[in-house]
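Right after this note come the structures.
The following pair of complexes shares a single chain, chain A, combined with chain B in the former and chain C in the latter.
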Partner chain A sequence: METELPHTRIRAIMKSSVDTGQVTNEVLFLMTKSTEMFLKHFAKESYQHAKKPNNLTYNHLADLVQENDNLAFLLQIIPQKIKVKEFKALLEQGDESSESSSDSE
Partner chain B sequence: MVERIEDLNLPNAVITRLLKDALPDGANVSKEARSAIARAASVFVIFLTSTSTSLARKQNHKTITATNILDALKQLEFESFIDPLTKDLEAYRKVVKDKKDKAKKDTSGTENGTEKESENAA
Partner chain C sequence: MSSTNDSQQYEFIKREDEFIKREDEEMSADEDSDNRQNPNNYMLREQDRFLPICNIIKIMKIPVPENGKIAKDARECIQECVSEFISFITSEAIERSMSENRKTVNGDDLLYAFATLGFDNYVEPLGVYLHKFREATKCDRNLLSENAMIQDDSSSDIRKT
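Take a look at the complex of A and B:
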């Protein structure tokens, strides 16, 4: 059974969380396979979204993340892009509304 | 242990190969998209690991099992992964078992100890 992604790296990522106990070879194999499947699935789904054929861009990924509940864990990793102008408008809006109802942080 | 944050990145060459596998010929993936996909995969590992760990904890186990991972995938709404992964797992177990059986026959039971990659981790 072959995997493409390096096991040592996957193990290091798993172990980066202090809660993770021992990682058996079998678990490591399954985690690596799962990750490869996730990566392909994510790319395929996003690619189907791409309106312009043959091109997969960041925005396709961000759109897919917005639309799918099971990708919600990526909302902060792959946020939708906004223009500086829009960001400033958001900030100003925020200032106005924060006077009445204080937004946390 | 992880010493640098780059140690949590997955290798670019492998990501490129997997994407080539997944997408039709001639598909173009922007640099930015590729690095976002790589980051997503790293986060997926952390996410799936921590979900599996809490499932193991619920059963008073410290070490996660393959079943914990499959259950975690279901919980995280990646049900479609479960069937193909179960098949992969069965195939993997068979390979391991065959190797063991062969090793028994050979009786030269010199096994390599677990390699520790970086012992100088702070």
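Take a look at the complex of A and C:
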């Protein structure tokens, strides 16, 4: 029944969602355990991405999140790194599309 | 005559000051306890939003080779991911409990959330943990009510079937 992570902090994070009622000890324990499992999986799989340098970086995590559908909820937190040039191109595209949409209105 | 009058007046003023001061103290004490008791004033501080990084690193190092390193940009990112993971699962579990008209989330809601969100491989080991936890807490409760043997036997039989 031992856990590595602090229960109080996990309870606080759970409570930060809307409409969270009471968090029972049962749920808290399960959440702590699953968080540990999540971390282990996450570490294991992203290290397989890293392979050679054996140093886990942001890019490895981003690749992992990109490839796994069940990690899609992390896409906003770890977006793929892009170059400034590409970003500017994206911005211009966005501007054009918004202009065209406003024209059509 | 006048001098005694003055001193009396002075003493009166002093006492009034003291009274006001004491009232102030009580007021501030009241405010403090209000803040502590009122859950609506509960605000999550920035440092409370994330789990401590040393614990996270410790767990992440378990499945990886010993010489594995984790870059600084990855660490901060992982901290955020873990918090997001917890909120993500929690909100799904809450939705399920609300759809069944229950106010409190239970362990089965959590397992259901994992299954629907694509974490199928978590469900089985977590089910085992849930079972263990319920057994352990049941034992505690039975010890308190001092008829551990009878209840424990009957309830574990029910669970097995």
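Following the convention adopted for this analysis, the second predicted complex is superposed on the first by the 93 of 105 C-alpha atoms of A that agree within 3 Å, B and C clash if a C-alpha of one lies under 4 Å from a C-alpha of the other, contacts with A are read in each partner's own complex, and residues count from 1 in each chain.
To be clear about the criterion, a residue touches a chain if its C-beta (ideal position, glycine included) is under 8 Å from a C-beta of that chain, and two chains touch if they have at least 3 such contacts.
All values derive from a computational prediction rather than experimental measurement.
On the superposed chain A, the two partners chain B and chain C do not both fit; they clash.
Contact with both chain B and chain C is seen for A:Lys44 once the two complexes are overlaid on the shared chain. By the touch criterion defined above, A:Leu61 lies against chain B and chain C together after alignment on the C-alpha atoms of chain A. Under the contact criterion defined above, the residues of chain A that touch both chain B in one complex and chain C in the other are 1, 4-6, 9-10, 12-17, 19-27, 29-31, 33-40, 42-44, 47, 54-58, 60-61, 69-70, 73-74, 77-78.
Residues of chain C that touch chain A in their complex: 42, 44, 48-52, 55-56, 58-65, 67-71, 73-74, 77-78, 80-91, 93-94, 98, 103-107, 109-111, 114, 117-119, 122, 125-126, 129-130, 132-134, 136-137.
Chain B meets chain A in the complex at residues 1-2, 7-8, 10-11, 14-15, 17-19, 21-24, 26-30, 32-33, 36-37, 39-50, 53, 56, 62-66, 69-70, 73, 76-78, 80-81, 84-85, 88-89, 91-93, 95-96, 117.
Listing the residues of chain A that touch chain C in their complex gives 1, 4-6, 9-10, 12-27, 29-31, 33-40, 42-44, 47, 50, 54-58, 60-61, 69-70, 73-74, 77-78. In the complex of the two chains, the chain A residues touching chain B come out as 1, 4-6, 8-10, 12-17, 19-27, 29-31, 33-44, 46-47, 54-58, 60-61, 69-70, 73-74, 77-78.
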